[in-house]
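Attaching a single structure in structure tokens format; questions to follow.
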Amino acid sequence: MNIQIGRGKSARRAYGIDEIALVPGGKTLDPSLADTHWSIGNIHREIPIIASAMDGVVDVNMAVLLSELGALGVINLDGIQTRYEDTTPILDKIASVGKDEFVSLMQKIYAEPVKLELIERRIKEIKARGAIAAASSTPINAEKYGFLAAQAGCDLFFVQSTVVSTTHLAPEGYSSLNLAEFCAKMPIPVILGNCVTYEVTLELLQTGAAAILVGIGPGAACTSRGVLGVGIPQATAVADCAAARNDFYIQTGKYIPIIADGGLITGGDICKAIACGADGVMIGSPLARAAEAPGRGFHWGMATPSPVLPRGTRIKVGTTGSIAQILRGPAGLDDGTHNLLGALKTSMGTLGASTIQEMQQVEVVIAPSLLTEGKVYQKAQQLGMGK
Amino acid sequence: MNIQIGRGKSARRAYGIDEIALVPGGKTLDPSLADTHWSIGNIHREIPIIASAMDGVVDVNMAVLLSELGALGVINLDGIQTRYEDTTPILDKIASVGKDEFVSLMQKIYAEPVKLELIERRIKEIKARGAIAAASSTPINAEKYGFLAAQAGCDLFFVQSTVVSTTHLAPEGYSSLNLAEFCAKMPIPVILGNCVTYEVTLELLQTGAAAILVGIGPGAACTSRGVLGVGIPQATAVADCAAARNDFYIQTGKYIPIIADGGLITGGDICKAIACGADGVMIGSPLARAAEAPGRGFHWGMATPSPVLPRGTRIKVGTTGSIAQILRGPAGLDDGTHNLLGALKTSMGTLGASTIQEMQQVEVVIAPSLLTEGKVYQKAQQLGMGK
Amino acid sequence: MNIQIGRGKSARRAYGIDEIALVPGGKTLDPSLADTHWSIGNIHREIPIIASAMDGVVDVNMAVLLSELGALGVINLDGIQTRYEDTTPILDKIASVGKDEFVSLMQKIYAEPVKLELIERRIKEIKARGAIAAASSTPINAEKYGFLAAQAGCDLFFVQSTVVSTTHLAPEGYSSLNLAEFCAKMPIPVILGNCVTYEVTLELLQTGAAAILVGIGPGAACTSRGVLGVGIPQATAVADCAAARNDFYIQTGKYIPIIADGGLITGGDICKAIACGADGVMIGSPLARAAEAPGRGFHWGMATPSPVLPRGTRIKVGTTGSIAQILRGPAGLDDGTHNLLGALKTSMGTLGASTIQEMQQVEVVIAPSLLTEGKVYQKAQQLGMGK
Amino acid sequence: MNIQIGRGKSARRAYGIDEIALVPGGKTLDPSLADTHWSIGNIHREIPIIASAMDGVVDVNMAVLLSELGALGVINLDGIQTRYEDTTPILDKIASVGKDEFVSLMQKIYAEPVKLELIERRIKEIKARGAIAAASSTPINAEKYGFLAAQAGCDLFFVQSTVVSTTHLAPEGYSSLNLAEFCAKMPIPVILGNCVTYEVTLELLQTGAAAILVGIGPGAACTSRGVLGVGIPQATAVADCAAARNDFYIQTGKYIPIIADGGLITGGDICKAIACGADGVMIGSPLARAAEAPGRGFHWGMATPSPVLPRGTRIKVGTTGSIAQILRGPAGLDDGTHNLLGALKTSMGTLGASTIQEMQQVEVVIAPSLLTEGKVYQKAQQLGMGK
């Protein structure tokens, strides 16, 4: 399948979620019969959606609501919640600042150090309300924050960076996080990411990860592809990594879920990611539009506040309804961003898939979105380029 | 023809109507010699165009006018016409409401129950004016409405849902419509849809359907692809389903027409759908622009009023002329949306096709519309993105 | 090279001029050494550019200027020049009318009958000023106008319709133009078009045509693809028809030029059409921008005034300079629409082609314009979609 | 890999930088460990970025600053700096003139002759401040300016035209520059360009060039593709020419760098050009945005002032920060146009490449930018087409 870019370079064609569509077969079922349950670590959930560990998306209250609704939210231990006791004035400021001052404001806000006692407190606040607590950190802080979070009652721990590898070369005097050792020592399940290839997924699975996050460069609030040239369209990334999960299952008997993270906006996008092989999805911007989201109608990426190379963008996503409406409906919008569970169940019904595993097997066609006028229109509107 | 999306997933490339163009050969004929007649069930028509069973497109008066002009209009038995005796204030309200209130208004309007006596009355009103009466319902209501409509004098009955299958799994306590039994029992021809594959078309043909509707996800007022991820570009869908029609004809001697439904806007689109193998087309938005259309210049999809997962959009299409002008000219617009019959005849003359069957055989090329500036301009204008 | 659109339909991928680019090789030459001369019939010209027989582009004065500058202009015998003695108020009206009244105005203006004495007079006016006279008509009027034009001193006669074929089926009581007989009887060279395939080109060459016009559907003022679904991207059409010219030359020893007609806007487009195999080009909109053009900054297609199925669009092209500046420079614009001869010579120099025949052999790559930002920007601006 | 455009013409598919993305593998490294050093001639530099010899980008002061920051700037000996002693009023005028007067103003400004004493003076001004001096001229002036520049202390000499070849046919009475003789006679390293093919690169390497510039037609301020039809997407051009460099190295043992020139805007673009095989890049518009750039927020191409066929465009790029911030950060913008060195190091770390040579080997995928919404948005904004 190798295509020659030039004499010195070959490449494979990779496909994005927007380039595919799902094909109904000879069977349909009532949406109420579609079972969307999945498991991550020892946690069972009805909705295969995880809210990204982004400061505009998840705070203590959102984590509790997401948990109550059958989904999951991850709190960012490198973010505002653990840097500031009272985050209200900080989030107000981010929402009110002009475009020109945004990058420097973010660099200043994120210069405030993380407080270990706030890590503990946030986890406990979530657990106190009877919810599932999930937290994330970058690899560099994983050992420092991870054990502390686990002791505070955290249920799942995410170690996330733009790109994760099992072989990281650190500067002299520093040591890299040994992922296998870390997973072994941690008393709670550890989720690792992000990666995009079969090979790296297999290596991460061998470290003992409880789930793998898949996706580099496709997200709305992420400009990795522009800044670094790095990224892989999500349909191909998910299909490749799902193949690693399947092979690992055949070899070991352990079924470890993979989670599509980035670039998914509508219910249709979520359905397509699962059809490419994902067990669940991690989404940011669609949930940042909830009235309860801490971002006040704004959304920004995790690499945004980098002091030297900021590469996320603050996107005004607006507020369109409650988190309950976004996840479980009834939909007040007709553009695929409300009632995500209903959309998944209806899509599964339409495609005759009664479980997530059957949904992973549905037929896919390559069908460029650009040539479907409705889609162009819709995308243009979401980007604010239309009328 | 399988393309690998990733290790775990292969797909076929599907093509949209916008991606193809028709190639003139060595023969031409005068447009007056092009014969566009076709048959559906026992009904013979000069114009192979059916107006969609959409509330903004067909009411009693439009059904009569379409019939008189040589085409056909289908009245939606699950719509406004059968829920309200006087539809005028309802349609006025839909046309006047703002974008933000639209979805909730639609959910409220369509919460009013359908009245069986209105089903009967609408059919009789059409027949009283000497026109062909065609009506549609969703599968769930087909038995309840179908026999009633037939008794009232209905000529053709359409059973239509986003996706139809012969194997539908219903929740316990409910039973699915048995399509073969229904077709056999109904005293009038039954048209079934929508589907997009060779296999399902063949199964539907075996139930005794009088025609098959082809198209999932490509329409302007339909956001199935965004909400559900489901859809297949129309050129491929039509070509696949036409192959099933041909094979069924070879096996049984019965020629059952297939109707391309969705995503067709201009006369050129209609010509291309037929060139891919369609016998006729079902269109909504181009006819919603008629002065006589009930939508008052607006158009919305059939899934729009869903109480939990609305997935149509109200599109302002405007009013550009009479239904006579749109179907038979003379054209007052030069963008391919007036005089659709004239366009079809001129295209057939240009391509040397003297019948619909010859038109199905003309040469097609893949020719991305994006690269033809006129087309980009035209599409952009239709979407309101241009000047 | 056949691609399956669906089970019942295969197609070839056709390429547009915008999708290709020219590749410099190991040789370059000074632009002054590039020889752009060509012959059509017995006429020798320095510039391989013909102005389209469009009413916004060519009148008597433009035909004279084009001839003096080394190019050629064709006067439309079915147009305004032969319907009205004084065209000034007519052309003023076309330029001043609003968008909504345009189609009906055109239908009214072109309802005025053609006067045979005006045909004679226009040709004589051109010849009186010492210029080359070329005129065109549709096939239906070719015999009536052609001999008259020849007698009046016309040098070249174009028989042009959207699609021409050697086998045209006319309604009973009418007879089709026999192209071979017509070419044989006419005392002056006859140019035929338009066509897009190898087979039709070969048939037209066998009728005795002095040149073949290639291009259906790609032009800016032509909406054939939208209205009729008919059209073929120009790079493929030109390459196919050029192959027929070459084979005809091998068989007969006669070298008959083919002319790319439609969709060419910039100097680069002209260079690319020649690189695909054209001997010359016919262009409309770039010349409609001349101060001397009759269109007063507007341009419209030949099918525009159809009383039943208008399918051209009036495009505001503006006035950017003199016809001398557009053809021979110096350029006052940097977007490729001024100094077309200079652009061709510079391109030939850059590519090391010293004659049109060598230019037809240069290397071409497929290089989607969409991915070159400058091109997107430029095209968007030309279409009025940018800032 | 040949694709048939039509019967008479085949072509290869060429790929642009926007169509590819880089794939992280199983190894990562800390950005501080990424070594970006490279050599050109006998000059060693930390940053593989050269500022284009464009009048809006490089003057004496910018050349000095670029040198101090670890990069390189080339002064244009055919430009404003050598035509005018005091360039301030000239550059002010260019920045203040309206769009309509721009082309004629440029033609007038560049009609002023180049002064040999200004060539000498500019080089000496750069050297006096302890910086590396690099200068460029067109082939026609190379002998006249080159030896003079070398005597004045110039370190590197660029001979640049849109397209360079070793076999140039000049008009009678003129002689072409013999590139091999010129390289041999020049006391300082000579860099040649631009070219886009394997064959021409190999021929230029055999002349003794110290580096090769690769890129025709892809630049933002260059409209070669529109005006001349000439151009090749940059990813393919770089990969082809890099293959020639590798083969030349195998044959001769001499490693001569190739420099990707044109069409690169963001840090990601630079990373991708290197991943296709480039040793360094030459960029214009991203550096024209420096507060210290002579263009005052404007940027224009080298072919812009052509008296007969201008084909550059003046683009308003704005001023976004200091040249130090653009090259070495910290970034004040999050769109990939600040801290280009940081972006390169971070990308190399992400991809596990510790040297430029390793970066040339990273995995590439074909991943159309159009399908990544963030990219569409970003590109649309850069082109001023978005909100």
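General observations
Per-chain residue numbering starts at 1, and chain names A, B, C and D are given in the order in which the chains are listed.
In this text, contacts are C-beta pairs under 8 Å (C-beta built on N, C-alpha and C of every residue); 3 or more make two chains touch, one makes a residue touch a chain.
Worth saying up front: this structure is predicted, and the values here are computed from it rather than measured.
Touch-path distance (fewest steps) from chain B to chain D is 2.
Rounded to a multiple of 5, the C-alpha superposition of chain A onto chain D involves a rotation of 90 degrees.
The greatest centre-to-centre distance from chain A, using averaged C-alpha positions, is reached by C. Because chain B and chain C share one sequence, their contact can be compared position by position; here under half of the interface residue numbers appear on both sides. Chain C and chain D have Cα centroids separated by 38 Å.
Residue numbers of chain B whose C-beta contacts span two or more other chains: 13, 236, 368-370, 385. Per the touch definition, chain B reaches chain A in the complex via residues 3-9, 11-14, 16, 18-19, 103-104, 107, 162-171, 174, 195-197, 199-200, 203, 216-233, 236, 263, 265, 304, 306-313, 368-370, 379, 382-385.
Listed in rising order, the residues of chain B touching chain C in the complex are 1, 13, 15, 20-30, 32-33, 198, 235-244, 246, 266-272, 275-277, 329-336, 339, 342-343, 346-347, 350-352, 354, 363-378, 380, 385-387.
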